[in-house]
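Chain lettering (A, B and C) follows the sequence in which the chains are written, and residue indices restart at 1 in each chain.
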Amino acid sequence: MQDKIRQKARELLSSGAVKVVIGYGEGTGSRVRALFIQKPEDADRLIMDERCVQNLAVYLTKHEVRAIGKPAIVARMHVIRSINQLTYEEQFNEGDIAVIGISDSNEIVDLPDLKSIKEYAAGNPLVLTAEEKADLGKLETMTREERWNYWIEELSNCIKCYACRASCPMCYCPRCTVEVNQPQWISVPAHEIGNVEWHIMRAMHLAGRCVNCGECTRACPVKIPLRLLNQRIIADIAVNFGQSEEYALAAFNPNDKEDFIR
Amino acid sequence: MTDKKIMKKGSLDELIKKLKSGGKRVFAPVEKGGKILFEEVDSASAMAADYVQTTLSAKDVILPRCEEMMRFTTGQGTVSMEKAPDMPPPAVVIGVRPCDARSLAVVNAVYLKDYSDALYKSKIDNTTIIGISCAKCDEYCFCTSVNGNPGDTEGSDILLTEVDGGNYLAEIITEKGKALADSAPELFTAAGGEDKAKHLADVKVQFDVRAVTAKLPGMFDGEVWITQSLRCIGCGTCSYVCPACTCFDIQDETDGNRGVRLRCWDSCGFGIFTLHTSGHNPREVQSQRWRQRIMHKFSYQPDQLQVTGCVGCGRCSRACPVDMNILQHIKEIEAQ
Amino acid sequence: MEEKNIYQPYLMRVAAIIDETPDVKTFRLEFINEEEGKNFKFMAGQFGEYSVFGEGESTFCIASSPTREGYIECTFRKMGRVTKALASREIGDTIGFRGPYGNTFPIDQWKGKSLLFVTGGIALPPLRCVIWNALDLRDNFKDITIVYGARSVNDLVYKHELEEWGKRGDVKLITTVDPGGETKEWKGEVGFVPTVLEKAAPSSADTIALLCGPPIMIKLTMPVLTKLGFSPDNIFTTLENRMKCGIGKCGRCNVGKYFVCKDGPVFTFAQVNQLPPEY
């Protein structure tokens, strides 16, 4: 499949259909890093294997990358879901990006337009795995106090580097809430309560938007299990609004449940 | 002035206990959920073993990620300053690598030159550094390319090198180190001509830092900053794990009419670092910010402070979510 | 053995407030601790960090002359969190001040020379300290010319002082507003500062020029000064950049290898032309 991706990249670049292909390449040691291929002859640097998991959709909203010209992106399922969500949030117009889809069974998927991306995402809805549900279950069995202490302990390591935000495709706000100082909604320094405010606020802003790619947790230099916060919300939304292709928290139905308002 | 002694296997644990009973705080690398961080320890058994480098540096001990600069109470148009909080007990940091110890030269140059920063000075003056030499390195290490080496004594008060039999060769380098050794003389026995060099990692020199420093001023407008920084996502991880990064922010926080002025870590990688209130930003795009990082460490600091702002510890490259490998980038710059 | 906390501000009383324009104010500040006030010395060109405790600090030059003892003055526009909080202070309120920081205009080296000030809008405050410094030592200088403009009559700062300078016989003052910014009563020039400067054509012989203003004004004025015979090392300016510590430690205000707070803010244009384009 790696060869198919290289071939596709070569074609897209030689024909001038795109100016850059965003994919994966060899990094330091056995690491993988994002690659920005601009010449057809460099397409052979693209790789695809089980190490290639970074959510590359984060680069689609960066003006430094968009300044190169129309991009093509090697898109695994979570990247496809991210693109779908970004499209819903009007970050792309038709023809802005080309997508080289990779299915969960490692097949190339042809996604020629935003409609096909939407349909493909709808046909592969986001569900938490059994293992992820089990990890959430561990938190659920804790008392409120135990759970609070668990998070205070984990978040005490947070250095406010914002790697979680920077690596997340959904965090594309030009001025993040924590960067607003009139008023300073969220504390800037890395102290106990400030760290809690930051992570809760970010999780809330991602509610209904997060695609569970886990990039935040991979990016965190001190390995805080941040995705648990987002997964909890994903689970809650599934229970309260059902599995839906609609962006649950932006769609309103008069029959929506209100029993969680206490 | 360096005095060579032997610390027998097991002495480190006794030393920690003695220091603790003397009222000192003792910090050492501790393994916590897959990362290695400097934490307070009670014994040597808590110390992480068999690793190349810690995740975060020990910078937090002398340059906390968040610290109080002053406290105040405000009234109707009035302000009164409160007394500064008491100093914490003196600290001993064990397990600092020679590269980390060398970063003190950078931190001191920034914080003590011209205006002496008392917040910092009070901490560094009351901190004793017990370094531990490196028996192994990995592909991220490059201390020898920036004038360091895996057994360098610069910056440590005492440097331990593990020699045969699990004993440590203890080099007592400074007055502070001597004072600490003198507080537990039974733990430091006579050295017998141990060959330190044979217990050190082989860290190959990978670039000529003087050539890089000479080259950089002419590269300000180069394309290399754009190509290197395309995958950079603009977080602060590299600055925060780095022992030689010293930039900070000042934030006032209040609770009713009581308030504090806090100093906290900041990073030139953030978009708003240089943003004017007017909306003008001299470093609008990430390539300009990436350039600043490299220029600051390898050009401006050598020029203005006579010290290279990078010690080759490799933490930034290991921690970077997108594998920005500073060693590779500097080699690429050298080859331009 | 406690070392002085260099980040601890002086406590200052707001002694006077002047509303220069709808969003620009001048504060006169006196030291609450008179001993500190007596010992306080600064030179023209230096700046400080002004605190509203609980909101933060903001950077402005000291706009009063060092020849006037017992107080300092600053002029600022209400733009962000701290300046908005400052703008709501009342006479008698306490604020903080840290300084003086930065380098200075080398006024001592200008004895016997003529001085030409070219500035616009809210860029006059950094030069006002030099103007009053020179006027207080008037005999030290030959001709003093001030060319000052703003978008409209309302946007001119130090309106009373402009009147005062205009009435003095030993200062040549030319004020201007942008075309469309004049009122019926306006008696000054109408036109952009560079145009007005070219028309006035002051001599560059043995003259130091001080130019301060928004980038566009600088860009269009420099060729005029060059045409008049000024060389870049005789044209002085003061730069600004985002600051926090003001003393070269927080790492934020550098332009290339120089910190605006420490190696500046005063630079000649010969120096500015050597700086990389990041300010």
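In this text, a residue touches a chain if its C-beta (ideal position, glycine included) is under 8 Å from a C-beta of that chain, and two chains touch if they have at least 3 such contacts.
Note that the structure is predicted; figures quoted are calculated from it, not measured.
J.: Moving only from a chain to one it touches, give the least number of moves from subunit B to subunit C.
T.: Tracing touching chains, the least step count from subunit B to subunit C comes to 1.
J.: Could you name the chain whose Cα mean is nearest to the mean of all protein Cα atoms here?
T.: B
J.: Please work out which of A-C and A-B is bridged by more C-beta pairs in contact, and write that pair.
T.: A-B
J.: Where the centre means the average of the CA atoms, what chain is farthest from subunit A?
T.: Chain centre farthest from subunit A's centre: C.
J.: Where the CA atoms of subunit B average out and where those of subunit C average out, how many Å apart are those spots?
T.: Measuring from centre to centre gives 39 Å for this pair.
J.: Report, in whole Å, the distance between the mean C-alpha point of subunit A and the mean C-alpha point of subunit C.
T.: 48
J.: So, what's the distance in Å between the C-alpha centres of subunit B and subunit A?
T.: Taking the average C-alpha coordinate of subunit A and of subunit B, the gap between them is 32 Å.
J.: By the touch rule stated above, which residues of subunit C touch at least two different other chains?
T.: Each of 56, 80 in subunit C touches at least two other chains.
J.: Provide the list of subunit B residues touching at least two other chains, using ranges where the numbers run on.
T.: 249, 251
J.: Could you say which residues in subunit A touch two or more other chains, in rising order?
T.: 184, in rising order.
J.: Quick one: in the complex, what on subunit B touches subunit A?
T.: For subunit B paired with subunit A, touching residues are 32-35, 37, 55-56, 65-66, 139-140, 226, 229-231, 233-237, 239-241, 249, 251, 253, 262, 264-265, 267, 270, 272, 285-287, 317, 319, 321-323, 325, 328.
J.: In the complex of these two chains, what residues of subunit C are touching subunit B?
T.: Residues 2-8, 11, 53-57, 79-80, 83, 89-90, 92-96, 240-242, 244-245, 247-257, 262, 276, 278-279.
J.: Touching subunit C in the complex: which residues of subunit B?
T.: It comes out as residues 69-70, 72, 74, 77-79, 81, 84, 110-111, 114-119, 121-122, 220, 246-252, 254, 259, 261, 263, 266, 268, 273-278, 282-283, 288, 292, 295-296, 299-300, 303-304.
J.: Going by the contact rule set out above, which residues of subunit A touch subunit B in the complex?
T.: Its residues touching subunit B are 27-29, 31-36, 54, 58-59, 62-65, 157, 159-163, 165-167, 175, 179, 184, 187-191, 194, 215, 218-219, 221-223.
J.: Considering the complex alone, what residue numbers of subunit C touch subunit A?
T.: Touch residues, subunit C against subunit A: 56, 80-81, 84.
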